[in-house]
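Letters A, B, C and D mark the chains in the order given here, with residues in each chain numbered from 1 onward.
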Amino acid sequence: MATTRVGIIMNGVTGRMGYRQHLLRSILAIRDQGGVELADGTKLVPDPILVGRNRDRLAEIAAEAGIERFTTDLDEALAGDDEIYFDAQLTSVREEATLKAMAAGKDIYTEKPISESLEGSMRLARAAAEAGVRVGVVHDKLYLPGLLKLKRLVDGDFFGRILSVRGEFGYWVWEGDWQTAQRPSWNYRTADGGGITTDMMCHWNYVLENLFGKILAITARTATHIPERVDEQGNTYQATADDAAYAIIEIEGGIIVSINSSWAVRVHRDELVEFQVDGTEGSAVAGLHGCVVQHRAMTPRPVWNPDEAETERYRDQWAPVPDNATFDNGFKAQWEQFLKARAGEGEHPYDFLAGARGVRLAEAALRSHAEGRRIELEDLTL
Amino acid sequence: MATTRVGIIMNGVTGRMGYRQHLLRSILAIRDQGGVELADGTKLVPDPILVGRNRDRLAEIAAEAGIERFTTDLDEALAGDDEIYFDAQLTSVREEATLKAMAAGKDIYTEKPISESLEGSMRLARAAAEAGVRVGVVHDKLYLPGLLKLKRLVDGDFFGRILSVRGEFGYWVWEGDWQTAQRPSWNYRTADGGGITTDMMCHWNYVLENLFGKILAITARTATHIPERVDEQGNTYQATADDAAYAIIEIEGGIIVSINSSWAVRVHRDELVEFQVDGTEGSAVAGLHGCVVQHRAMTPRPVWNPDEAETERYRDQWAPVPDNATFDNGFKAQWEQFLKARAGEGEHPYDFLAGARGVRLAEAALRSHAEGRRIELEDLTL
Amino acid sequence: MATTRVGIIMNGVTGRMGYRQHLLRSILAIRDQGGVELADGTKLVPDPILVGRNRDRLAEIAAEAGIERFTTDLDEALAGDDEIYFDAQLTSVREEATLKAMAAGKDIYTEKPISESLEGSMRLARAAAEAGVRVGVVHDKLYLPGLLKLKRLVDGDFFGRILSVRGEFGYWVWEGDWQTAQRPSWNYRTADGGGITTDMMCHWNYVLENLFGKILAITARTATHIPERVDEQGNTYQATADDAAYAIIEIEGGIIVSINSSWAVRVHRDELVEFQVDGTEGSAVAGLHGCVVQHRAMTPRPVWNPDEAETERYRDQWAPVPDNATFDNGFKAQWEQFLKARAGEGEHPYDFLAGARGVRLAEAALRSHAEGRRIELEDLTL
Amino acid sequence: MATTRVGIIMNGVTGRMGYRQHLLRSILAIRDQGGVELADGTKLVPDPILVGRNRDRLAEIAAEAGIERFTTDLDEALAGDDEIYFDAQLTSVREEATLKAMAAGKDIYTEKPISESLEGSMRLARAAAEAGVRVGVVHDKLYLPGLLKLKRLVDGDFFGRILSVRGEFGYWVWEGDWQTAQRPSWNYRTADGGGITTDMMCHWNYVLENLFGKILAITARTATHIPERVDEQGNTYQATADDAAYAIIEIEGGIIVSINSSWAVRVHRDELVEFQVDGTEGSAVAGLHGCVVQHRAMTPRPVWNPDEAETERYRDQWAPVPDNATFDNGFKAQWEQFLKARAGEGEHPYDFLAGARGVRLAEAALRSHAEGRRIELEDLTL
């Protein structure tokens, strides 16, 4: 069977996300399975070159993974004939490196947020259009079983007219004094690009627009519930970034989304993030993995008798949506879709404009908080 | 044992709430138990006179309840020597009747909303001050086991510094075509005083201010998710009032409240309404009857690995708060507290100003929606 | 409140069905609740006169029930001014008595089968048309919770296009030797009007045509699985009537019904009778009381691997349909509907033609068996 | 220990059934366990040569399985000295290849249906008789635990006189649009040999005749419930073959079988196929793996009170039949029985006439539907 090598410059794989999700569980997994198979039987086999700042760590990773090529010099890597540049660096240095890669004619596949600002995001989108390169931005949550099932329900018109969406994301991130924090301290500093609004709105944007439709407006309050934390070195620091965001988002068709994101909330749910979708014909509650439904035919008729103890077991009145398919790792699945689309097979619509819309939603949320008003979102065009 | 008769003019007991909660389960229950006992052993025994417009229905109720006095003439009733005027009429006629009762020197005990407008509410508050009468406004939810436990937790400083509150209220009210609606059609018509915002914000106001502190601001979006319904006679009608309200409320001390109220949502909770309270030391989830907690010492340390199926059973990591007491019917408990306070024993702080603050929150929510901005609330004074 | 007396001649209430279901649980229950209320508040109060052959038993029943009027002379009863004649006698004597009652100008309410033959049924239908009397035939199963929920699902278009129905009815009727039989021996003798086909096809006819549509054809095999039984007196007798019927029924729209009725089957179901309905959008399994559904969104994707033990728990993948209403006794509910319709309020479409279609289906089933072929059903007209 | 090599020409092992059940789980499993042991200790060791049309796929399978011999030329294979010809090709090409193999003197072991027509099946039977070769036709379901237990019950005279059998087979095969189909599209096209009647009646024939006795007649209705489907390439196509068959089968001794097969039914059973057998002494419900019984002594005495909710838990009144043995894979068990019988040890009665009776039942079912009548089955003789 014919195979085609696809050279991929992987920048930022020394970080947790880049290493675990993109290198190990995506690129190496694809290589180990013999590549991505096209309709004509050709297999696209990724051939990564690792780029980073820490030579020792790079060498270690390369050895473990059986990769021969690595370098600390991005320019050197870009001068080669590898076709794709992948970026999983800190957000603050992503825009510059990505512009450089496009200037070198590379196709781009990158983590989100694609830039620290909407302005920078649009710069990237315009540069990609000028350079004529293909771009993919990570939308990993869309590929997870729970949201795939939610999409299946939307596609199968399970909900009838969709009325509302409730999203709850969060968990208790320890302050770092009594028990160590399970997130890096830069997440809590504005100067380092931290803040839950910036982090999560990019996700909610693509989840909402791909599942339910175009986002029209947002009203939000953010908060820094825990103002003082202890960092990786045991030093106390001021949390300057927001650690919670309470938002009301409006989607075309009159859909109202109430979505809360918080690193200062305890979890009384089945999963760390859950979405409840209510429609005229039925409702669903989906996490990233599970999904349950209550069709109109199964819907009870509660009567509001506040003085009497509840006897209904409401949660038992929902039924699980079966898998009915095998779900691959979400990051890997998107990599495969991107590689295939690059080879002319199928679509991969998640480009810099999609990435820019995510950054825009985060900016609008912060502005809504600052100005105490609802922000309407205009269309983004090049 | 000495007993003291307390004459109570009960207006509006032909309605479901007035009849079931106030007459049957409060006043008659108090009468049947021999009255409310004061510290000196004296018993206050309520002696109701029923007032309403439908003489047949009044006669029927009076006969069933073993009550001798009833009339369709409010003025006649007010001319008597009964000390308390109680009002459970439709909101639209409450203000006028209550003013008349105060003019006759009666103490007031009344359902909420106390008036259709903040302006009217303040008129009532001023009239009460001038007349020097005692006033009680129904705050029944505060007396339910779930919220009593939440109050107990607040009073015991369980939460440390309270950071946020999430409230979810609602259930699926049938449209009336396929299955009959379990709420009256006037609830869905603005002209008849309908709307979930008007109905529920009065409740949320007293719950929040009594549990967590002074309310400073509100940002809200309302919606009419189901625009067409079928009424009690089988006729289709346009729903002009809102059937859902999504609100973010700010309370002193930096507490953020996200609270959704909807008659177009399916229930994936333990109770029809639930509040989650998160604080630095612990969290609680309370319905009207149950309450569970997760103390800091019980708090897990979840790591965000979206690509892996959840293995923690988060809900099992909460522990129930035991009753440790017998909770009486909430309406009856508040009646008893009011009657005692009137007799100089204990406090009953839920007066017309409290009622006015409830109406004010509802008005502010509607204004926030209309103007697309956050509304700050000024102090209300006479 | 105005009340109107409705005189009802009840013939055959000494039998189990007539006594328990029609007299005790319907007519007396209606009387005890004050009658059937019309829209204008008028109450129709039934006033029964009992007719039967056993004077002592009649007297006993009348005394127990607080009924003053009873007689063994049907003609005497028909000569009075009672408006309705009700018949729950043995099928073999029903036609004659009913014709007589119509001749006396009485409205008719009767058990099924309305006659022993289709010919006799049509005679009744024509006589009713000529006499201009109102007729009701018992369709009690339609009023039971399970089938009401199934009807609700059909009305709410839960199934999409309905494809097929599977019905299983039956239980083990003891032979009478080792353990006593729980059905009367005449059920097993053709000469006495016995046979499960004759008994049950009348029910299946109205269930199927009211839930799913017009019946077009039937193919059936009957059997007498247990040829010898022991009767109430301990005597062995030959079972000449069929005790099982296996039928395939075709309904308009391409719906295929497979329905088995048997008194010689052991029960491996939740209820003695169950219907499974499958449609493009969802399926339901309903008994007379319960009903569970599996919507398309909950439908698994089994793969046929016969060599591996089953790991799916298919039955757990169905969800119950909630009551969402209070269901009255089915016999009483139909009596009330008939009495109201007679008074000009609402409809009661189950007349002699409906009854005749039931008898026709039973005859067609027997003919299909005898001739070894599918029988198409022509429309019945007067 | 002496071993005897048995050369087996395996044609059609690139298909799912041939590969998985016959090659991997039967022939290779027998080889890996050292062969089939005869009474004298001799071991029959299968030595397969693979035949197929796709050389690459054959090479791949051979490499994986550690098989040296494979060819795309059937004539070449038949010219060798291998003793057995095995056929798991598409039905449409089976007859010709099998005739050729018999002409070459090979013994035959083959999948069912043995031919596309009864006529072709009888040609095969006659050719086998003339050639004097030994023949085995796959009857795999007979070897599965559930049916083995049912056979055990029949042999132990558990049922007394058997009265009736109810069979339900089926599951929801996805249409291919919203969720991909779990069966190949040719199953739904008559021109390609599709249709559930053709597929399943061959199975039901051998199950029924080996468990219960000679089949005398069949009455059936078939249906194409889902007329339009989406194939493996995402193209919509017309389903020309039947996807459901509703049949009533008569077996000697007055046994009536009601058996439904459908690819458009949702599963409310414990297994995808289940048989309920009722006899005078007891009943059983068996799937392919499980089996429960209710003996006469355990049989309840239900009374038909349709107006009261069921309180009996009928399903709990059945008791499981224990394994009391280890059941090998059904396909392998039959291969072993065939190989032993060929070597003169024991019997393997499932020959071409048995296969022909299966085809005959399928043809009779289709004819019964087409002609709207019961079809009696004559004995098949050479």
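Assume contacts are C-beta pairs under 8 Å (C-beta built on N, C-alpha and C of every residue); 3 or more make two chains touch, one makes a residue touch a chain.
Since this is a predicted model, take the numbers as computed values, not measurements.
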| item | value |
| --- | --- |
| Longest centre-to-centre distance from chain D, chain (CA-based) | B |
| Copy-to-copy rotation for chain B and chain C - C-alpha atoms, rounded to a multiple of 5° | 95 |
| Centre-to-centre distance between chain C and chain B (centres being mean Cα positions), rounded to whole Å | 49 |
| Approximate Å spacing (C-alpha centroids) for the pair chain B, chain D | 68 |
| Cα-centroid distance, chain A relative to chain B, in whole angstrom | 41 |
| Interchain centroid distance [CA atoms averaged], chain A/chain C, Å | 59 |
| Residues of chain D whose C-beta touches two or more other chains | 174, 178-179 |
| Chain contact graph, described as a line, ring, star, complete graph or other shape | other |
| Pairs of chains satisfying the touch condition | A-B, A-C, A-D, B-C, C-D |
| Partner chain C, residues of chain B touching it in the complex | 174, 178-180 |
| Residue numbers on chain D that touch chain C, as the complex places them | 21, 25, 140-141, 144-145, 163-164, 166, 168, 171-172, 174, 178-179, 182-183, 219-221, 223, 225-226, 244, 246, 248, 250, 254, 256, 258, 260, 262, 264-273, 276, 278, 280, 282-283, 285, 287-290, 292, 294, 296, 299-304, 306-307, 309-310, 314-315, 317-318, 329-331, 372-374 |
| Complex interface listing, chain A residues touching chain D | 152, 155-156, 324-325 |
| Contacting residues of chain C [partner chain A, same complex] | 152-153, 156, 158, 282, 284, 293-301, 317-322, 324-325 |
